[in-house]
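Just below sit the structures, each encoded as structure tokens.
Shared between the two complexes below is chain A, which pairs with chain B and chain C, respectively.
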Partner chain A sequence: MFAYLSTISLYPLWNSLRIAAITGVLVFFAGILCAYYVARLPRVIKGILDVILTLPMVLPPTVCGYFLLLVFGAKRPLGIFLQQFGIRFVMTWYGGVLSAFVVAFPLMYRTARGAFESFDENLAYSGQTLGLSNTYIFWRIRMPACRQGILAGVVLAFARALGEYGATSMLIGYTPGRTATISTTVYQLWRTNDEMGAFFWVAVNLVISAVVLLAVNLLERRQKKAVKA
Partner chain B sequence: MNTIKPIALLIALMMALTALCVPAAAESSTELIVFAAASMTETLTELKTAYEAANPGVSLILSFESSGTLKTQIQEGAECDLFISAGQKQMNQLDISADASVNTEGLDMVLQGSRINLLENKVALVVPEGNPKGIESFDDLAEKLGAGTVFMAMGNSDVPVGQYTQKILAFYGLDEAALANAGTLTYGTNVKEVTTQVKAASVDCGVVYGTDAFSAGLEIIDTATAEMCGQVIYPAAVMKASRHPEAAQAFLTWLTGEEASAVFSSVGFTPVPQE
Partner chain C sequence: MKLKVDIEKRLGDFCLRTAFEAEGITGLLGASGCGKSMTLKCIAGIERPDRGTIELDGVTLFDSSRGIDLPPQKRHVGYLFQNYALFPNMSVRQNILCGLHHEKDKAVREKQLETMLSTFGLTGLEKHKPAQLSGGQQQRVALARILVTKPQLLLLDEPFSALDSYLRLRLQLEMRETLVSFGGPVLMVTHDRDEAYRMCDRIAVMDNGRTAAPKKTKELFANPESLSAAVLTGCKNRAAARKVGEYEMEVPEWGIHLTTALPLRDNLCGVAIRAHYFQPRSDRNRFPVLFVREMEEPFEWVIQFRIPGQKEQTENLWWRLPKDRRPQKMPEALGIAPENVLPLYPTEDL
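After this line comes the complex of A and B, so read on.
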């Protein structure tokens, strides 16, 4: 068995982690900024934007994948335009970041919205009376107070990005050593009757997920201790 | 109390939706479930209309996927009356009379005496509109693959067309694993996925069947000879566990007839002459 394991390429592992990490960072900033600004919009626009920004969470990943191909496909106007700059989302690893971002964004957005809405605005007002800038209030008062919700959102988004299959498979396919992720690799290995290989990647995914969840739990416990003290 | 009402309403709505999914009373006509290779999508869909019109008591349910996937589904107990595979290997794996080296699990799912060779197809090299990499033939493709200048889509090793492509790569002495590691190959899970990728210009070229190229309006650059990948024969057989073996056999016999053969020929299949 070890002889077999030594022949496995670990590319899907690095690729999946890389995609999930980059997506996590992008989704973090995009999610909290959208949640912050959308909350301030008039009711009707807020409602419409809310639906649009949450839509990828409700749509099947294959539908999201289809839309992405419709917009960024190699023969579509936007796809052709981007190719002139050497940017191609179809069949590239960073296309995986795009598809993961689209499906993970709503998770961060909704969680951040919930966290911001339960934030006591009096804290922000007090900050303003003290002459603090909005940026300072946002990053040093609002964000720390909403830490729990924000952290939960990031973890959800990271996990979603790591496990993304449908949209990713449609947009970037399966190219070993270039676009293979853990999820697409497991499917390929299962389809080509490589039971040991498929199980190896399932185990890897379980370990990563367990480690991430453990880390999050530890973080939360340490924060609760800090608050009590 | 205020929060319970909307939640109760939502749950009631979801339950109402599930009630709508309860199937209607059983059909009185005979339902034949046909598992067919993905490359037969257009032709069988057209033939279904004709057959159902001529035989009002029969309704056909067609399921198109890669033959490898279909074989696995049949093996796992999926209901199937008739199986048409794009390769002998998948049918052999279900046929007890096939060699034990191919039918490694000793499956006995084919109704003996019903198996025939239905169609012949050709493996073709296709490119997106405009042939961006200027590929001229399989020989040219082999050279470019070796040099790493083209990106090719092919079926994976569970898909018959993928298996034929592997034979072609071996014919040219190319190492598939090396090409894959170099990032020059991308794998589709069935022939239609490969066709779509070529059509959308996501890849520089792909290996599919001549019939898929025709149906998708793709330019065929070159066709593989029997020397390169063997003859591409589609076997068909009634399944032993079929609930309507006579109806399935009747449909299979109809598929060898003139009307069906004309439809198959129109997209590029060659109907195999039946004795």
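After this line comes the complex of A and C, so read on.
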């Protein structure tokens, strides 16, 4: 057993974690920016953008992967253009960031928008009449007031990015030690009859998911306490 | 110090078209949805009017024809929100310091903060979060936070509506002192006629997006002139009326004629009588009455009656009288002093 475990490369864990972490950071900024600005747009444009930005959440991830290949594929105009700068999303680990981003973004965007919509706009207005700059109001008043929703969005997006399989396997495939993530490794090991290996990675996945969910629940409980006080 | 407003703003079917000048403590009295808060937001620069001008003490804050639209940060206008809009994540101290962020000298900042805390009786509460404060304390923090910015104009949006009635009266007394010592113009939005009467030197009545010129508070209550002013100042008894003589009107719905103290204008359209002003012993404007029902209040009786010649389908009339003046037996007739017969004219002719 221990002899077996020592043969396992932990690369998929490290790769999944870095993809999820980078995706989490990117999704945090992109999600709150989109949520903030889309909420202010005229209703028709808002409706259209809302559909486009949320679509990856309901589409099968393989369809997202298909679209990503369509845009960033090695023989597609954008793919060829990016390769001149040495950027290639197909079959690279940071391609995994792109696919995870597309799939996880709607979760952040939706939760952040919900949080922004329940924000009492009078707080922002009173900040303005007190002479506070709009940047200050955004980061020091709006964001703290919406903290709970935004944190929940980040955690959800992180968890989704960590478990991403469909779009990732289409865009970056499975290369041990290069593009392998936890979820693609589980599939690959199970496919090649390495049940022990598959079970190990399933267990890893279970532990991470449980920790994430616990964190969300703890956050919620703390928020409730803060509201009561 | 004077505020001049002449603005227009369309919002769907609703059109706000308001023009007035305000100095001292001016009330904007109107029913909900008449555009009071929108007017305040336009003055503060939170909402942008479609056209018009806003001038404060000779400085143009907004002028659509000259393309001037100062951001709220540059208007020096203090805005007290209905829910006080204290920043929930900041302590009392941090909230008040938000009004002092432009002050670079830390010593000056601390000194001004201390002055505000002691003026508003907040010493000892510096570290509390807004949610830990009572409604009255929250209001004082909000006022301190506004006044520390030394605004040129104060806008108050229904400042007492979030408080229970006991606290409301006490805070109105305190607020009135604060506003008088502030010295600059104050514009206060309210739908409560008692609050408007207690707090304001002048009152402008707002109705459906239009604002009548501000009148001295006592004059407005003594002679509301328009139907909306009569309703908002609490005249319970109202009916259509027609001029029949220099000092005489006919009220067909009630089937009576009434005489007034002031000469009537030809475009008279209605009459209003306050429930307090019927007199059992007055022989002026005397008419027989039939009692319908009565209800006891802590210090007053509320009585509903009809006039024998009153048209059916019209509302009962209201009479209010202090308990100690209630007669043993209900009188068979009531009168009204001519100065208490309030003539109403069409709004557009005022």
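Operating definition for what follows: the second predicted complex is superposed on the first by the 214 of 229 C-alpha atoms of A that agree within 3 Å, B and C clash if a C-alpha of one lies under 4 Å from a C-alpha of the other, contacts with A are read in each partner's own complex, and residues count from 1 in each chain.
The definition used in the following text is that a contact is a pair of C-beta atoms (placed from the backbone, for glycine too) under 8 Å apart; a residue touches a chain by one contact, two chains touch by 3 or more.
Owing to the predicted nature of the structure, the values given are computational and were not obtained by experimental measurement.
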Is the arrangement of chain B and chain C around the shared chain A a clash or a fit after superposition? fit
For A:S133, decide between first (touching chain B), second (touching chain C), both and neither. second
Thinking of the overlay built on chain A, is A:G73 touched by chain B (first), by chain C (second), by both, or by neither? first
Per the contact definition in the header, classify A:M91: touching chain B only (first), chain C only (second), both, or neither. first
In the superposed arrangement, which partner chain does A:P176 touch: chain B (first), chain C (second), both, or neither? first
After the superposition on chain A, what is the angle at the C-alpha centre of chain A formed with the C-alpha centres of chain B and chain C, rounded to the nearest 10 degrees? 140
Quick check on the superposed pair: does A:T192 touch chain B, chain C, both, or neither? Answer first, second, both or neither. first
Quick check for you: in the superposed arrangement, does A:L107 touch first (chain B), second (chain C), both or neither? neither
Min C-alpha distance chain B to chain C after superposition on A, in Å, is 23
The answer for chain A against chain C in the complex is residues 120, 122-123, 125-133, 136, 141, 144-145, 227, 229
The residues of chain B that touch chain A in their complex are 68-69, 128-129, 151, 153, 156-158, 180-183, 185-189, 197, 200-203
Can you tell me which positions in chain C touch chain A when the two form their complex? 41, 44-46, 71-73, 75, 77-79, 81-83, 85, 87-89, 98-99, 101-102, 129, 131-132, 145-146, 149
Quick one: in the complex, what on chain A touches chain B? 9, 69, 73-75, 90-91, 173-179, 187-188, 191-193
